[in-house]
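One structure below.
Think of it as A, B, C and D in the order they're written, each chain with its own count starting at 1.
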Amino acid sequence: MTHLLAALLSLGAFALLAGVVLAVAQRVFHIEGDPMVDKIDSMLPQTQCGQCGYPGCKPYANAVASGAAEVNHCVPGGERVMLQIADLMGVEPKAVEEEAAAPMLAFVREDECIGCTLCIKACPVDAIVGAPKQYHTVIVDQCTGCMLCVEPCPVDCIDMLVKPELLEHWAWPLPDTRRAAVGHERRGHHAGHA
Amino acid sequence: MPAMLRTLAQKLGMMAHGFHGGVHPHERKLTAGMPIEDCPLAPLYIVPLKQHIGEACTPLVAVGDKVLRGQKIARAEGYVSVPLHAPTSGTVVKIEEHPVVHPSGMSMPCVFIEADGLDEEDHSLERMTNWRDLDAAVLRERVRMCGIAGLGGAVFPTFIKLVQDKKNPIQTLVLNGIECEPYLTNDHQMMLEQAEEVLQGMAIIMHMVGAESGIIAIEDNKSDAARVMRQALAENSELAHVHVAVLPTRYPQGSEKQLIYSLTGKEVPAGKLPLHVGVICQNVGTAKAIRDAVLLGKPLTERLVTVSGDAMPRPANLRVRLGLTLRYVFAQRGLEDFENIQILHGGPMMGERLRIPDVPVIKSSIGLLAMHQDTVMQAHPAEQPCIRCGHCSQACPAALVPNLMADHCRNEQFDKAEAYNLFDCIECGACSYVCPSNIPLVQYFRYGKGQIAQLRREHDFAEASRQRFDARDARLAREKAEKAARRSRVRKELAPAPDKDTTTKVEKSTNDKAEES
Amino acid sequence: MSLAISSPHAHGGDTIRMTMLTVIIALLPAAMVSVYLFGWLAVFLIVACMLSCLLTEAVCLRMMGRPLKTLLDNSAALTGLFLALTLPASIPWWMAVLGSVFAIVLGKQVYGGLGYNLFNPALSARVILLISFPLGMTSWLIPMHVGPSALNMYDFSAALAFFLHGPEALKLGLDAITMASPLGHVKTEWTQGIGVAEALNSYHYSYLDAFLGREAGSIGETSALALLIGGIYLLARHTITWHIPFAYIGTVLLLAAVFSVISPEHYSPPMFHLFAGGLILCAFFMATDPVSSPVTPLGQIVFGIGCGVLTWAIRTFGGYPEGAMFAVVLMNCAVPLIDHYCRPRAYGHGGS
Amino acid sequence: MSEVALILLSAVLVNNYVLTKFLGICPFLGTSSKVETAIGMSFAVMFVMTMASTASWLVQQYVLIPLDLLYLQTIFFILIIAALVQFIELMIHKTSPVLYQALGIFLPLITTNCAVLGVAILNVQQDQTFLTSALYGFGAAVGFALVLILFAGLRERLDGAPVPALFKGSPLALITAGMMSLAFMGFSGLVKI
């Protein structure tokens, strides 16, 4: 009987001790919110386009951090963003289902614009300017190409154009390992220019 | 005996000599000793609006304008920029996009000038023969106005380097006559033929930056140039503290930082300019251009170009007006059919491969090489796996570890590539040159650098978007709160008169819209 | 849109093929000595290993759908030669073939082929064989010109019978044809409480013989002279740099010197360590295998020192008489970390 | 002094828990895909192993033996280990959320890491003193950390290698671990305790 008591007591005491230590540790190491959310949010392209099914980038970051959403729903971010998030979260990468289109810009055909301001209200990043009954215009440098302004336009005067490639922004591609390309390519251009 | 031991140690790679690494490619200086010839004038000139590192220029002329040689046709934008000048007299016929010297083969806006054949010069800039009495700032402005950018190929606006900094006083001017790229001989020839002018330019630069001493750096494969420069120095009483340093031939000795190390044993700290170690470095061609700008009032409208290559019928050192097309320049030396020919802009080690010969000569055109298709293809055989032989690290003048850096670039681990000092790579190509697996290391680095730049741009854009989004969110929330507050206030005040309430509402909503927009 | 191809548009002309061929040439003196000492058996072993390596490589390439012309890079042939030179002459043919298959399949191709293997293929095969067949891998034939042996290895048919069917075919007892290697002898005597000097005495150890190669051991590792000639050739051709071999051998010599001065009875003298076993072969040829050694000079020195310490420690204290190949394979494990932490100081970063 | 060195050498190299005793293979494979993660895991395991072996020695000597409760040994030890793991988990979550995320399930799984329990049990079986048992626990942890970090380095180098599809991932990791284990056999007999 005393033996059993000793066993129970010692085990119980020990468990209690561990419990107390852990309770204190919980206090000391308490953290506010999830620090992962900001990290994920900073990887997202901030188009606020909603293609992930969440109302913006931050909500999606929240969902990913809490495990409620997969890492592969950011369409404009494409594979690169998915890989970054997967890497951060330590999960297996998962292919992005929708192919990200080339970077786009919204363009208002001003002669057709009726100045209804609906697109202005739709733009998540305030990249469209204009007053009621005046032409609206997209600020090219601020447009994220999210296409959220296209739908609300009552006269369908907003086009999505492919963002023009700039010489300054040209980047070297990865080397092509099939080096025979040197010959083929030259022959091709020669036909065009000779 | 110690000398022998040293050589043995160097041979075995146990001891460094001069800068770290380096290679010795076949020199193939076909045009060495050939006198400089003038490239004939042409009917059409194409002037790209950006020919230097930094911001592009804004055109000052309109279609139909008459211009004189040396007349300013485009204004510098921003600090790191210099203006552009008409290469000959004639009429501006159009300003439009045209392919330029760029690995992408893309176009940029260019000013097209139809020559009138008179080649009349613009004499609006006075000659500053009294430069010794002039303030450095005046001379510096002259150098800027004349559009001078480093003519060794880097085309960094020269005036930026010509500063007197109290914190970092410049002691030494290094005149770079190294010309370590294969084939190229234009600097060599300039030193042989125009030693006097080069030294005048040197004196002007030393006066501008307050340098006490000067070094003219020449590799030992150009001993005749060293002799000529020494002789010219002996006859020049003004440049007492200048000497000619003959260095063993090794690529990329002509690279500014490597040259400074070879000469002075000082390393330019990463991300800093040579003036932080009290040195400035100027190419011999730049010195000559500065001399012309100051003494003759002539803006930069021409440069020396080595026209060479193993497929070049008559190679030459040519004085070429900027804006002439490569096709025209090549035609002057007997090359008209470009079938099976690769054009390189610059030397074979760092030059760009051009897709078409219709691009214009620009300020950075140190050499125009016409190479046999096969020669270039042999330099780019199929890539094989890295066997980690380490020859690339041994050859790297920046003491990097190219193969590991390339792995990181290939695997898109850009943070690691950066931690391995990717941005200290000068893209000299020594690593690719020695690689037994023919790995295009330089291209991996360029890919990495480009991707990092793009990622940064995207990140900055995303950050700006997020801030605008947050600001908008905050504004909407504020408006909503205000609206609610106003509504409850209005409702409280006007509760007894329901019809009036509706009109207020309508009014208010239109107000809201106006505010929002 | 056409492809952009970056500078440089010139190449020095070095190739993998030539690099591997240089190493093969550098191994020829050692291979010739092995033929001198072990006659036809050495020839059979080298041919068997090289052929089975090439064949295995061909099969692997075929299975992975890669071009067979990769065989021409000489790397498989080199692996075969390496492996053969680290094996004892007494080894049965199937063990040599099995080792070659291990070397190519487990040592190299599972990692993705040349350039990706983490361990030296020949040495990993050698380690696998040693642990799987300890007896077969440590029976050292008495070399020709060294002592009286019942087996005439210059006799083609006798050697062939021995190679294919083992000593039983010639009705030879292992005792009549084998002897202990110097390292093994010292270790055995040591376990019986006999000091180093006495052990060397009873072995009739001669430094000159060890230097020239007249001693028992793996077929290619006995002659320090032949290996040094090859090593110097590699250094002169810039195929290897001095860092690994100097750091490796220097460390072993230093440790051996210090300890043998402290207690000459317990610890073997430095020159004995130098000429014994596979130290020189490992230092000049195995540890310098570019793929499985560090890239940076500092890293190579660290790697060499590590190999040296481990070799000496295993030889002196370990259960195995020879530690060189274990040392190299162990240090191979550390190569990625060494590479990462021993990068050279880049131009313009710190320093004076 | 030399005894200390021998105990450490023996625990780190000769009797390496992962490569010669084949304990703790699960986290060895699970947390070795990146060196950074491996280093984090190493520190966590080092903390837990050292603390667990000392704590279990104390419990063994002052609770289990006096009270004749040796049959409760496993339960007690698991309790100690679990508490320690919880503690380190809280701490890592606070100090390095990224590491916490990267270690994922393997952090709480240190509880069931047989190497940790193995060290604790072997320790008390070998009649060590308090100091030597602490040292032995620490040495075993260092051995685990050493091979884990080396292994992570090797696996990182395999990133981007054209490994045949058949061997991608775990198979190749196991082959590599096997090769490391063979190499560690070279240490056998190095230290005789």
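What we mean here is this: a contact is a pair of C-beta atoms (placed from the backbone, for glycine too) under 8 Å apart; a residue touches a chain by one contact, two chains touch by 3 or more.
As the structure is a prediction and not an experimental result, all values here were calculated from the model.
By number of C-beta pairs in contact, A-D leads when A-C and A-D are compared. If you average the Cα atoms of chain B and of chain C, the two centres end up 51 Å apart. Chain A and chain D, compared by their mean Cα positions, are separated by 38 Å. Chain B has its Cα centroid 36 Å from the Cα centroid of chain A. The set of chain C residues that touch two or more partner chains comprises 2, 4-6, 112-113, 116. Residue numbers of chain B whose C-beta contacts span two or more other chains: 103-104, 342, 355, 376, 380-381, 385, 410, 440, 443, 446.
Of all residues in chain D, those that touch two or more other chains are 162. The touch graph of these protein chains is complete, with an edge between every pair of chains. Those residues of chain C that touch chain B in the shared complex are 2, 4-12, 14-16, 18-19, 73, 112-116, 235, 238-239, 241-242, 290-291, 293, 295-297, 300, 339, 343-349, 351-352.
Residue ranges of chain B in contact with chain A, taken from their complex: 102-104, 106-108, 338-340, 342, 355-356, 358, 373, 376-377, 380-383, 410, 412, 440, 443-444, 446-447, 449-451, 453-454, 457-459, 461-466, 468-469, 471-472, 513-514, 516-517.
Considering their complex, residues 385, 407, 410-411, 413 of chain B touch chain D. Every residue of chain C that touches chain A in the complex is listed here, in rising order: 2-6.
Remark: chain D residues 37, 59, 63, 67-69, 72, 75-76, 79-80, 82-83, 86-87, 90-91, 93-95, 97-98, 101-104 touch chain A in the complex.
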